[in-house]
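There are structures below to look over.
What follows is chain A paired twice: with chain B in the first complex and chain C in the second.
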Partner chain A sequence: MENNNKADVLNQGVIIFVFLAVLTALEFFVAIEIGAIVLLIIMAIVKVGLVIYYYMHITRLNEDSGDDKHSLKYKTATNRLGLWLFLLSDSFVFGGLLVSRFYLLSLTRPPLNQTLGLIVTSVLLLSSFFMNRAESSMEYGDRKGFTASIIITLILGIGFIAGVLGVEWPSALAEGITPSSNTAGAIFFMMTGMHALHVLTGLIFLSVVLRNGRRGLYSAEKHWAVEAAAVYWHFVDVVWIFFYPALYLIGKLI
Partner chain B sequence: MKKFFSSALAKGLIWQLFGWIIGAVFVTLIRLLMGLKVFDIFFFTEPAWVFGGFIGVLFFIGGSGIVNDWFKWAKGEETSDHHEDPDGWEKYINVSLDHKVIGIQYTITSLFLLVVGGSFALIFRTELAQPGLQFLTLQWYNTLMSLHGIVMIIGILVGVAGVINYLVPLLIGAQDMAFPRLNAFSYWIAVPGIVLLLSSLALGGFDTGWTGYPPLSARAPVGMQMFFLGVFTAGWSSILGGLNLLATTVRMRAKGMVAFRMPILVWAAIATSIITLTATQSIGLSFQLVMFQRLFGMGFFDSAKGGDPILFQHLFWFYSHPAVYVFVLPGLGVISELIPVFVRKPLYGYRWIAMSSLGIALVGFLVWAHHMFASGMNQYLQVPFMYSTLLVAVPTGVKFFSWIATIWKGKIETPTPMLFVVGGIVVFLIGGLSGPPNATVATDLHLTDTYFIVGHFHDTIFGGYVFPFFAAIYYWFPKATGRRMKESLGKIHFWLMTPAFLTLTFLMMRVGMLGMRRRIADYDPALGFAGYHLVMTIAGFLIALSILIFFINFFSSIKNGEKVIGNLWNSRSPEWQVPSPMPVHNYDRPFEVIGEPYDYGLAGSEYIKFTKGK
Partner chain C sequence: MQHKLLWRGVALIGGLAIVSGILFFSIKPSFHGAVINPPIPAAEINLTDFNGSPFTLSSLRGKVVILYFGYTNCPDECPLTMAHLKLAMDILGDKSKFVKVVMVTTDPARDTAESMKNFLGKFNSNFIGLVGTRDELIKVWKDYGVTVEDGGETHSYFVYMIDQAGNFRETFLPDSLPVDMAADARLLLGE
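Right after this comes the complex of A and B.
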C-alpha cells in the first residue's frame, strides 16, 4: 500500500517535470518565433503555479495541525508558516528587481546568449525535479533514494552557478556588457548576482541537509529541515522562472 | 565592569570593530595588488570602508553568540527551548530568548536613539534660531539634519518593536514568540546597524536628508555609504521581527481567542508587521542599488548611463510611506487599548477599529507617489495617487470616531497614561488635518519641501507614536518592574511637553507657509520669521527638558518607585490578572477567552478565565 503511494508521488513529480520542460521549450519557441510577450508572461505564471502547488506544496499551510501546541506537528506547521512568510518577504526583493528592469529597459533586452540561458534554466528545473524526489523519498523513509537525489540536486545547482558565473558572466563581459557600461549591464549583473547569492545559500542549506541526512538524523516523521531546504530551493527556481524570460526572452535587442 | 566586558553586547562591538578593520585592510591589500588607489581622505578608500563595515556586521553576529544555536542545529545537535537568564541588569546586555527581556532591550535602545536623534535636532535648531550661520558649517548642518531624521526613524522602529515584543505574547496568552531565537537575532542585528549609522558622523557625514536621493547621494562623502549599510542592516530587524510577530499571532493565541476577540493592539501589530515584512525589502533594495552604483559604477540612477533617479524614489517611497503607518499604527492601537480602561466604558465599534488598522496598512501600499508630485514623474499618476492618499482619511476617521464615542459620557480618570492618550489624540488630529493639503496636488505643489511638511510630519509622529509610546511606558512600567513611576513628575512631563510641542509645530507650519524651505541651514531675515524661529528653538529646549524629567522619573522609579503588585489600573486584560513583575514564563496556568475584551462597566461580563491546573 505504502509503496504504491510512494510510486504515485514520484510519478507525479515526473509528470510535473514533463509539463515544466514542455512549457520551457514552448516559451523559447514563442520568444524566438512569435515574440508574444503576454503569452510568455502567462506561461511563466503557469510554470510558477505548477512549482508552487506540486513541488512546494503550498496547500500544506492549510493542513490541520491539531490543538496541542507542544506537539511536533504543531511546531512544524508554525515553522512552515515562518518559512513562507520569509519567502513572501524575499519575493519583494526580486519583485523590486523586476520592476527596476522593466522601468529602466522597458521592452528591450541585453544581447545575451539565449541558448546558454535555456541551458542553465533547464539545469535549474532539473535540479528542482531531483529536489522534489529527494523530499518525497524522505517522506517515505527511503534514505538511500534521498541521498542519491540530493547529491544530484547539489551537482545540478553547482552546474547552474558555474553556468551563470563561470560561463555567462565572462561571455557577457566579452560582448561588452559590463556592470558599469550601461543600465542593461547593471540590471543584468544585479539580477543574476542577487539570484546567484540565493542559489549559493540554497547550496549551503542542501549540503547541511545532505550531511545530516547521511548521519541518519531525519526520518519519515521528522524531516522539517529537508522540507525547508526543498521549499527554499524551489523558491529559487520560481524566481528564475520569472528572471529567465525577463532577461533572455522578452523585448527587442538593444 | 567585568560583567560588562563579558557581555554579548561588548563582545559583539569589539568583534565588529575587529571585523571592520580586517575587511578594510583586506580590500586595501587587494587594491594595492591591483595597483589602484590605496588611501583616501578618510584613510581607507570607500570600497574598503564599505566591505569592512559589512564584515564587521558578520563579526558582530558571530562574536555576540546570537547564532550559536542555529550552528548547533546545522551540526545536527538539539538545543533546549528553556533558556534561563541571570537575575539583575546584565541579562539586558546579553542574549536572551525571553520576549519580555527582548522587548525591554528594544525599548531602552529606542529611548537611547530618541535622545541621540533629539540632541542632533537641538543642535541644528539652535543654529536656526537666528538667520545666518553661527556655529555649524553647511556640511555639519546637513549631516545633523539628515541623521536626526534617520536616527529617529530607526529609534521609532525599534521602539515599536519593543512595545509589540513585550506586549503581544502577553495579550494573546503565549509563552513566548513563535521563534524565540529569531526574535533575539532581530534585536541584535539592529545594534551593528546603529553603530554603522552613527559612524557616518566620523566619515564626512552626508547631506541628502534621510531620504538619500540620488544623484546627490551618489556623490556624497563616505558617510553616505555607512548610512545605507546601517539602515540596510537595521532593516533586517524590522523584517524578521514582523515575520515573527505574524507567525506568533496566527499560531500562538490562547484558546477561545478568535480573530474578533483579539485586543486592538494585536490587530495593530499585525497590520504593522505586514508592512515591515514586505515593504522593508524595497528600501533595502533601493539603498543597495545606490551602494552598488557608487562602488561598481552600475548606472541604475545615473542618467548618463541610461538610468533614472525617479526609479529610486519609487522604490524608496514604496517602503517609506507605509513606514509611517508602521510608526503610528501600534501607537493608535495603544490609544484604543487604554481609553476603555480609563473611561470605564466598552470600546465603541470594536470590529471597525480592528479592520481600520488593516485598512490603513493596505491603502498605505497604494499611496507612495504622493511624495513625488514635484519630482517630474509621469503626470497621469498624480491624480490617482491623490485620491488613494485622501482615502487613508477614511479608516483613520473611523478610529477618531470610535475614540470620541468611547470617551462620550464616560467616567474619565486622568492618571499620566490617560493624559498622554488624550494628548496623542489631539496632536494626531492636528497632524491628520494638516495632511490633506499635502495630499492634494494643487496645494502640495506649493507646500512641498517647506516647513509645513515638517510640522505636519512631526504632529503625526508625535501624536501617533511619541505620545502613545510614553502612555504605554507609564501604563506598563509597573508590569515590567513591579513599581510605578511618579505621577507628579509624569504630569509635569506632560504639561511641559504638550504646549511646547504644539507651539513648535504650529510655528513650523506657519513659517512653512511664509516660505521657509525644509532642510536648509539659513534663511533670509527679510522674510520676517526670525522671531518665530527663536520661539521654536525655545520650545525645542522645553521639550528636551520635559524628556529629561521623564528620564529622571524612569530611572529613579526602577529602584525607588512605589511598589505595585496587583491590577493597578483595574484592567480586564490578561497580563494584569497575574502579579507584577510578570513571571518569567508568563502565565503559570493557561487562560481561555470567554467574552469580549473591552466590555468595561458591563455587570457580569468576563473576558478571560484561567483554566485549573497545568
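Right after this comes the complex of A and C.
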C-alpha cells in the first residue's frame, strides 16, 4: 500500500491506533463479562496483525534491494533482515514463556488487578502510536514532529515501567506473590520481568535515537536507526498484546 | 486507500463486536461437573454424626448438600478435597449457610466421631462427619456407588452435589476448581 503524502500516512497511523484501542476495550469487556477464550485469542491475533503489518511494515522485507551491494538501499535491506531475524529468535524466548504459562497454570490466572493491566496496556499501545508517528515524521523529513513524538514515546514507555515495576510488582509482593512463592508467582514475574527488560532496553535505544536525531544524523533518505528502534519497540508491544490477556484476562481465579 | 482500510477495519471489528454481543446476551450459566440428567432422588442416608446424634440426609432438605467419602488418616486426596471445599465455601460467602458439606467415612475401623470432628474442624467447623457400623456404611457406599478397598484407604473420590429437593444433580472430581463448585452450588440455590 503506497501512500504518497505525509498527512495520509499520519492519518493511517491514527486509524490503526483507534482500531487497536477499540479492540482492547472489546477484549476487556469480553474477558470480564463473557470469558470466551477463543474470542480473546482472535482479538489478540487481529491486534498483532495490525501492528506487524501497519506499524512494523513487515512487507518491506519483500522489497527489491537492487543489485548494488554498496547502495544504501541494499545495506538497509540487509540490516532490516538481520533485525527481523533477531526478533524471530527473541520470539522463541517469549513464546516459550507463553507456553509455560498455560502449561503451568492451565485455564486459571494469577490474582492480578485487571484494571491496572488495562491501564498499562493502554499506555504501551499509545506509545506504539507515537513511535509510528515519529518514524512516519522522519520518513518525510519532519524533524520537529519526529522529536516530539519520540519524546512522548519515551515518556509513555517510562510510564509503562512505572506501572509494572512500580505498582504491579510491589502490590503482588505485598500479597505474598513472589517469584518463589508458587507457580503463578514464578510465571508472572518471569513474563513481566523479561518483557520489562525489553522495554528498558527499548528505552535506551529510543534515547540514543532521540539524541542522534537532535544532532541531525537522520534524514528522510537515511534513518535506518529510527526504523530499527520503531520495529523493536513495536515488537515489544506485540509481545505484550499476547502477554496481557494471558496474565490478566484468560482463566479463572484460583 | 484510507477508506478501504477504514471500512475493512470497521467491518472486522464490528463483526467481532457483534459476536461478542450475541454471546453476551445468549450464554446461560452452566454446570461444571458431570451432570446427572434427569436428576434422580439421592438415596437416604441413616448414619450417626460426629456429635453422636442420628443423622438422615433428608433432614438437610432445603439446603444444597455436598457429599464426600473418605477417611481421616488419608495423607493426600481427602485433605486436598476438603481444602478445595473449604475454599468453595469461602467463595460462597453468605450463601454458604445454605450449603452443607458432609463427609462419610470409608474407614469405620479407625475413624471415630472424635477423629472425624478433629479432621473436619481443621477445614470448616460447619462441615459434618458421619460414622456408623460397618453394615450401615456398606449400605451407604453401595447406594452412592462408592468402592471401598484396603481398609478404606482406596476409595472412589467423587464429590457429590445434591440439591435442596434431595435430588442428586452432579459429581465433581476432587481437582475441580473451588470457584466452579461454588458457582454450581449458587446455581442450584437459585433454582
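Annotations
Simple rule for what comes next: the second predicted complex is superposed on the first by the 250 of 254 C-alpha atoms of A that agree within 3 Å, B and C clash if a C-alpha of one lies under 4 Å from a C-alpha of the other, contacts with A are read in each partner's own complex, and residues count from 1 in each chain.
In this text, a contact is a pair of C-beta atoms (placed from the backbone, for glycine too) under 8 Å apart; a residue touches a chain by one contact, two chains touch by 3 or more.
This one's a predicted model, so the numbers in the text were calculated from it and none came from an experiment.
Model built by superposing both complexes on chain A: chain B and chain C fit together without a clash.
In the superposition on chain A, A:190 contacts chain B only, with no contact to chain C. Set against each other, chain B and chain C differ in how many residues of chain A they touch, and the higher count belongs to B. Of the two partner chains, chain B is the only one touched by A:93; chain C is not. Look at A:32: by the touch rule set out above, it reaches neither chain B nor chain C. When the two structures are aligned on the shared chain, A:162 is found in touch with neither chain B nor chain C. Of the two partner chains, neither chain B nor chain C is touched by A:220. Vertex at chain A: the C-alpha centres of chain B and chain C lie 90° apart in angle, rounded to steps of 10.
Contact with chain C, but none with chain B, is seen for A:46 once the two complexes are overlaid on the shared chain. The gap separating chain B from chain C at its narrowest, counted between C-alpha atoms of the superposed chains, is 13 angstrom. For chain A in complex with chain B, the residues that touch the partner chain are 69, 74, 77-78, 81-82, 85-86, 88-90, 92-93, 96-97, 99-100, 103-104, 179-187, 189-190, 208, 211-212, 215, 217, 225.
Of all the residues in chain A, the ones that touch chain C in their complex are 1, 3, 8, 11-12, 15-16, 19, 22-23, 26, 29-30, 33-34, 36, 39, 42-43, 46, 108, 252-254. The touching residues of chain C, when paired with chain A in their complex, are 1-2, 5-6, 9, 12-13, 16-17, 19-20, 23-24, 27, 87, 177-180. Taken together, the chain B residues at the contact with chain A in this complex read 73-74, 76, 178-179, 182, 239, 242-244, 246-247, 250-252, 277-282, 284-286, 289, 292-293, 296-300, 305-308, 311, 314-315, 318.
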